[in-house]
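Paired with chain B in one complex and with chain C in the other, chain A is shared by the two complexes that follow.
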Partner chain A sequence: MSYAIETFDLAYRAGKHFEIRDLALKVREGSIYGFLGPNGSGKTTTIRLLLGMLKPVRGTISVLGRKVPDEMARIMAQTGYVPERPHLYPYLTLEQAVRYHAAFYEGFDMAYAGEMRRTFGLPLDQKLSHLSKGEMGKLHMLLVLAQRPKLLVLDEPTDGLDPVVRRDVLSALLDFCSQGSATVFISSHLVHELERICDWVGVLDNGRLVVELPMQSFKNGIKRIRLSGAPSLVGDTPFVVLQRETTGAEQVWVVRGWQPPMAQWFQGVGASVREVVDLDLEEGFVELLRSSRAPVS
Partner chain B sequence: MNGDVFRQIDPRSSIPLYVQIADRIRIAVATGDMPPGGALPSVRHLASQIRVNPATVVQAYRELEEAGVVESRQGAGTFVRELGEPKREAERQRLARRLVRQLLQEAAALGVTREDLEEALRVEMKVKLA
Partner chain C sequence: MFKEVLKAQWLAARLPVVLLAVLAFALPLLTVTYGGSLENAPTEQVAQWLFAAQRIGLLIPGLALLVGLLLGIGAWAPDHLGKHVYALALPVPRSMYVMLRFAAGATLLAVPVVSVGIGALIATLSVSLPSGLHAYPVQLTVRFALAALVCYAIFFAISIATRRAALAVLGVICGIVLADVLISSLNLRTGMSVAAWVFNLLTTWPGPLAILMGRWALFDV
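Moving on, here comes the complex of A and B:
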């Protein structure tokens, strides 16, 4: 298996209070990888490390099979990057901005850019300073997609955009993805949005990677289980217990790595399973963060 | 093809997206919304239209192909196969069983008993028949 992004033992420190530790990311080639985490968890910092804009205190990074930062120019030639706060010169017209951006990328596809511009309904002769936030969001996506990059790194690409614009921007992204085998690394705290498009998920909290899994295993593996007669002390379990609560005679456990035959384990400890509920990505995400911050004893 | 076929795809459901997409197509085929010989939307078009990972659409189409519901023709796309009446019948029964399975799961989650369900089914069917 080859990876579009791979980090090993990556560490970074900013001031006294924030650090990234032991970060080992593995982003498969051709995947759409959702990089989730609450605000301030280190998503943007990680992206900047990946693209050579910050210097790690330890660890190695490879992107598109090349070493960061030694081969940064070659990496960036094949990477479409939409930063958290993209910069474009506001006095350029849209047409000028496209030409300006195109000048930096050998494979820039002018015809494709034109096609997307029409789909998005963006006016050619408008100055960027006169574009709405939604129009700017579309333009940023247009510019990186028309590069026809091997890797897209998108830092909260739809943050602050209205639902209609978000939809258009994601449609364009997926249209591009179905044309080839590009890898997409997309960070967001908008969990729902990622749920339908990503096939891999990595969750970052407080500078540490809490989990990295295929989307389907992430969604299937986390369950809320209603029990009666559950033991108050948890010994060895065949699954990971994320959360336990007791309400009256009933206990509610949230577990990770659940498979149906594991119900037998509960019988073995004298408990009976009343119900196993699937959690969607957002609920799973929240439970995962709760437990990573306060591990169940 | 009716554009509403995929309207109710629910990414939050525990049913994998590719299964939901494949089911929508099975239903559209069973009801004649997608006639035999008709083309399915291209992977590119559908992925972008309903905003799902293209790999998910590919997986759905592959499952339908393995089940003999559609066939892919090299370079031309994916098409609904002509189904004989026995196959169509089998497909309807398969869909019916799946509906019942979903009903039973939801009922269990809501604490609805088997007797409640049987009674409700009798009542509802009578209403529909009358």
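Moving on, here comes the complex of A and C:
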């Protein structure tokens, strides 16, 4: 299995209160990897580490099979990056911005850029300082997709955009992905947005990778189980217990990695399963964060 | 690639560049404000004229400093605004990007330099000099170009420096001032000034600012 992004034992410290520690990411080639995490969890910092913009205190990073930061120019030639906030030069017109950007990329597809500009309805002679937030979001997506990159790194690309623009931007992304085998690494705190497009998901909280698994496992594997007669102490379980609450005679467990045959395990410990409820992605995400902050003993 | 960087830099800095070019064109012409034919003028009038012209000539290194300052800082202003994120994401080594920015800014220096040259040439042609006096339009233009380039390089480097480096420079300046205050408060009567010593170090050859000093005359003996 080859990975488009791979980090090992990555550590970074920013000030006294924030650090990224022991970060081991594995982003498979050709996957659409959702990088989830609450605000301030370290998603942008991680992305800047991956792109050589920050220097880690420990660990190794490999992107597209090349070592960061030694081969950054070669990596960036094949990587499209949409930053959290637009950083293009505001005094340029849209046409000038496209030409400026294109000058740095050998394979920049000007015809595709023109086609996307028309689809997005972006005005060619408008200065970037006069573009709306939605138009800037579309422009960023246009620029990176026309690069024809092997890897797309998108840092909250739809944050603050209205639903129509968000749909346009994500549609363009999915269209691009359907044309080739690019890997997409997309960070967001909007869980539902990633649910629709990602096949892998990593959850970051407080600078630590809580979980990294296929989206299908994430969606189907987190359950809320209502039990009766559950023991207060449990040994090894075939699933991961994220949360346990007692309400009267009943106990409510939130578990990860659940599969229906595992109900037999409860019978073995003298408990009976009353109900198994599917959690949607957002609920699952919240439970994961709760359990990572206060692990079940 | 360079063409686009130059174009972007020109679009960002065109207003100050044009204003500087107008100033650069006007300064040599100012030196002949009292112009006209000096061919048969009395020696005293020629001396006064030359003195006035040389006083105006002192403004030219000041202009070179201003050109270097505005273009040096302006070269990085758009990237500073975006905290260099866009620049860092471009697929070129950082050293090459710095070179591109430097070269683009240095190319823009040509606008005020050419303006000085044209102004100096027109000024030279508009006055009849008495024997013994000579005009130096080419020398003045070349010297202005070198002075502007040196100032540009210094401010370009300061502008791209990290906060730590900027603090170190500030610390050195504060240290010099403090040393002078200490020397004068101790009443050592040494006649020594650290600030004056540093100034001399920078402005006398081979100091980097030596080119700004000395006579800057379009007309001289």
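Criterion: the second predicted complex is superposed on the first by the 297 of 297 C-alpha atoms of A that agree within 3 Å, B and C clash if a C-alpha of one lies under 4 Å from a C-alpha of the other, contacts with A are read in each partner's own complex, and residues count from 1 in each chain.
Definition applied: a residue touches a chain if its C-beta (ideal position, glycine included) is under 8 Å from a C-beta of that chain, and two chains touch if they have at least 3 such contacts.
On a predicted model such as this, the values are computed, not experimentally measured, just so you know.
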Next item on the list: Answer with first, second, both or neither: which of chain B and chain C does A:His87 touch in the superposed model?
Entry: second
Next item on the list: Check whether A:Ile197 is in contact with chain B, with chain C, with both or with neither, and answer first, second, both or neither.
Entry: first
Note to self: Once chain A of both complexes is superposed, is A:Met53 in touch with chain B (first), chain C (second), both, or neither?
What the structure shows: second
Margin query: I'd like to know which partner A:Leu170 touches here: chain B for first, chain C for second, both or neither.
Written below: first
Check: Is A:Tyr105 contacted by the first partner chain B, the second partner chain C, both or neither?
Finding: second
Check: chain B touches which residues of chain A in the complex?
Finding: 32, 167, 170-172, 174-175, 177-179, 192, 195-199, 216, 219-220, 275, 277-278, 280-282
Next item on the list: Could you please specify the touching residues of chain A with respect to chain C in the complex?
Entry: 51-53, 72-77, 79, 81, 83, 87-92, 96, 99-100, 103-105
Check: Okay, in this complex, where on chain C does chain A touch?
Finding: 1, 3-5, 7-8, 11-12, 78, 81-83, 85-86, 88-93
Checklist line | Sites on chain B touched by chain A in the complex | finding: 9, 11-14, 16-17, 43-44, 47-49, 51-57, 108-109
